[in-house]
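Heads up, the next two complexes both have subunit A, just with different partners, subunit B and then subunit C.
Let's look at the complex of A and B:
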């Protein structure tokens, strides 16, 4: 009952917005602002004929692989840097330098270097997503209790076990927060990477439709990207509740 | 157990055949070179096999620092610590520690069983074996059957029992305890004190407990070592002579208890 009320409470605003949009755009004759009914109609059509499903699967697999690489690299490097002060002090300025460059701006370069295939798109997503994950992981590992470190040393915990069972779980709340920040960045770069000399994916669908003045398709593509982002964030917070059950329940926050 | 003992001008040498822990002219501090701050200077003591020694000293005197030195977490500036036969180079298999702040020394992402079994996992023990050891240790501290709970589901006193169980399961020869009962209420504190006395009697572990509470130091120990001054060193040593049995009321009413108490309080007030 409580969850139902919760869901309803969350839903009223989006529903209201869609209804408003629907009626406000109903009689629109502006080429660039087609009626919502048309946008959804086109979306439905392209889902049934498989165009959008194919675009989505290509985009999402790039996103997933890119995020996976970013998470593995970001977490591993972050834990090592967090635990190794000397290394951290040396690398810190570079990390902040690279991360200050707008990641979308690097996409053409990455495509230039790695070619037009999906590999370069995956790298682009990974490169953009790795920074928040890396920095958060460093922070998280620095925040691991001194007491817990002392225990590990006194009881002679071997290095790998220490990383796996102490630093990683201790840093996990921040790691998760980092991935949460990386997710929307990854979605943006995913789309942007498909705008360059590409013939697949949601980015291509959006670009191609707009350059051929099929504006409802453009809208439907953009809308879909937004919905995907929303669904992923919700899905991710469910995973978060699973992984960090101890954290939420212990009231550590 | 001991042959000779002397307390000339505040330093102590005790020669003992079967001493488990021997500290000679130990100096500990923080920082290097010009920034160096000495906390402990020229401190010597020994703990015999099976003995219960309390170290009492005022807050901030360097009790935790001393235990860090004895557990291999802090390198001596001078002097040495010998455990069993060899000089201590770092954390040692025969030394287990119960830390001052139990809530920060237990890992909230592990169940109590996992917390206790973790050092054994570090030693490469297989899961069934180490879980069995953890459950036995939980039984020993009166928390039988609570292995699946998380530390944060437990009261402070229970968490401290878990920390003690972890040290017990490690099966070290020496148990170092840093004000283990400082942050629990009075009744829980008495219960935990009696638990430790009980464990010591049953398991024959050698215990060195550090506290700023004079009554606790006397009540628990065979021998109380008083440390004071800046930098800290041994200023007095008192044999309590209570044997292995203790009683919260009777022991504390014992004239020997009162004498020791008066002597230590006077010494610390100087």
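Let's look at the complex of A and C:
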């Protein structure tokens, strides 16, 4: 009973807003603000005929690949920088500068160099996502306890093993936090790069429909991207809790 | 997000310069630039990539050009206006939501959805409704940048110490005084973080809108330079976009540190 009231408390306002939108827009004659029923109808239609599924799969695979590259590069570099103080001090101002470049400004350059295809989208996502992961990994590796470090040195643990079994697990909570910060950035860059220039993907669906004045499609594409972004972010934080269950349980935070 | 700034001037009044480190940093920069140049000459980089001398020349010529400053002004104005609006809206709504329990529960889902929503996806829709105008750009900036402030304000006002709340109730402290002396100070550290994050997002959103549309600004200049294949100029604009972002982030970071020094001290 208590959970039910809780759910009701959480749901009534969002539901009310959607219902309001539904009825307020029902008889909308404004060309640019179509009725919600039409937007959802169009979305359903394009889902069943596969247009949106195809767009989604190409967008999401680009996002996943970009994020994967960013994670591998960011974690590897982050562990190295975290363990070598001199290098970290030297590169610190440059890393902070590059990270401060608004990621959306890179999109025209990357697309100009790598063309319209998915390679440019993947690079754009990777380049934007690598910084939070890198910085968080550095933080995480710095957080590995001095005692643990000394013990592994005393026992002469080989370098690679030390990185794999000592520093990486120690930095893992920070690495995951970095990926969680990077994910929404990646989604934004994915959308921006597709809206800038593309011939497939969700951004293309939105862009193409707006340039051919199919306004309900534009709205449904924008809403779909929003919902996908939300689902991804929420889904990731659930996975995060699974992966790091040991850490949350340990009360180390 | 904690970052590693290990510059030696952290808390001492006078910055002491570590000459060895500075020297090594300069050497590193030179090495990076040389590597760039060699990679270009050996054909590793795409042919269109400009050389280091071209970029450096562009950086200096771009600063003397009027349209750079005009574009920069447009970006600065939209980002600043959107950021200030976001701060005002976010703090007021956040403190309200955070202190009124039923409101908190009702709005939780909307706040969660809004902060995870990739706002830039709404840009084509906003283009249709508002047109390619400065107002559209500011609206987009607010839609993107309001969330960190809102979320942090909610978190901050939820953190009120129950002991202080009961004390304030017992002494029947007037609402206005309670707001100024109890709620605001306790929420301030959280709000400051939100304000700082939202400044970076405001710049990102403003530049993003400019890159994608005909709205004038720094992002538009980058797109135009790319379309005209003036890669040296495009990189010069990118360099200044980076400087701008870096300046804003470090200024706000420093202001936050100064403003909240009392809080840090009481923490340890």
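The working rule: the second predicted complex is superposed on the first by the 235 of 253 C-alpha atoms of A that agree within 3 Å, B and C clash if a C-alpha of one lies under 4 Å from a C-alpha of the other, contacts with A are read in each partner's own complex, and residues count from 1 in each chain.
Definition applied: contacts are C-beta pairs under 8 Å (C-beta built on N, C-alpha and C of every residue); 3 or more make two chains touch, one makes a residue touch a chain.
Keep in mind the model is a prediction, meaning the values are calculated, not measured.
Peer 1: Identify the partner contact of A:229: answer first if only subunit B is touched, second if only subunit C is, both if each is, neither if none is.
Peer 2: second
Peer 1: Just to be sure I read the superposition right, which of the two partners does A:57 touch: subunit B = first, subunit C = second, or both, or neither?
Peer 2: neither
Peer 1: First (subunit B), second (subunit C), both or neither: which does A:113 touch?
Peer 2: In the superposition, A:113 touches subunit C alone.
Peer 1: Can A:147 be said to touch subunit B (first), subunit C (second), both, or neither?
Peer 2: After superposition on chain A, A:147 lies in contact with subunit B alone.
Peer 1: Now for A:212: first (subunit B), second (subunit C), both, or neither, which partner does it touch?
Peer 2: Neither partner.
Peer 1: Please tell me which partner, subunit B or subunit C, touches more residues of subunit A.
Peer 2: Result: the larger residue contact count on subunit A belongs to C.
Peer 1: Kindly classify A:14 by the partners it touches after superposition: subunit B alone (first), subunit C alone (second), both, or neither?
Peer 2: Second partner only, subunit C.
Peer 1: If we overlay the two complexes on their shared chain A, which of subunit B and subunit C does A:84 touch? Say first, second, both or neither.
Peer 2: neither
Peer 1: Which holds for A:28: it touches subunit B only (first), subunit C only (second), both, or neither?
Peer 2: neither
Peer 1: State which residues of subunit A lie in both footprints, the one left by subunit B and the one left by subunit C.
Peer 2: On subunit A, the subunit B and subunit C contacts do not overlap at all.
Peer 1: Touching subunit A in the complex: which residues of subunit B?
Peer 2: Touch list, subunit B to subunit A: 71-73, 91, 93, 95-97, 99, 101, 104-105, 107-110, 118-119, 121-123, 150, 152, 166, 170.
Peer 1: For a test of understanding, state which residues of subunit C touch subunit A in their complex under the given definition.
Peer 2: Residues in contact with subunit A: 1-7, 21, 24-25, 28-29, 32, 46, 48-49, 102, 105-110, 112-113, 116-125, 127-129, 200, 203-205, 207-208, 211-212, 218-219, 222-223, 226, 229, 231, 234-235, 237-238, 241-243, 245-246, 249-250.
Peer 1: In the complex, go through subunit A and note every residue touching subunit B.
Peer 2: On the subunit A side, the touching residues are 145-148, 150-158, 161, 165-166, 169-170, 172, 246-247, 249-252.
Peer 1: In the complex of these two chains, what residues of subunit A are touching subunit C?
Peer 2: 6, 9-14, 17, 32-33, 86, 88-94, 96-98, 100-109, 111-113, 132, 135-136, 138-139, 142, 177, 181, 184, 187-188, 191-192, 195-196, 202, 206-207, 210, 215, 218-219, 221-222, 225-226, 229-230, 232-234
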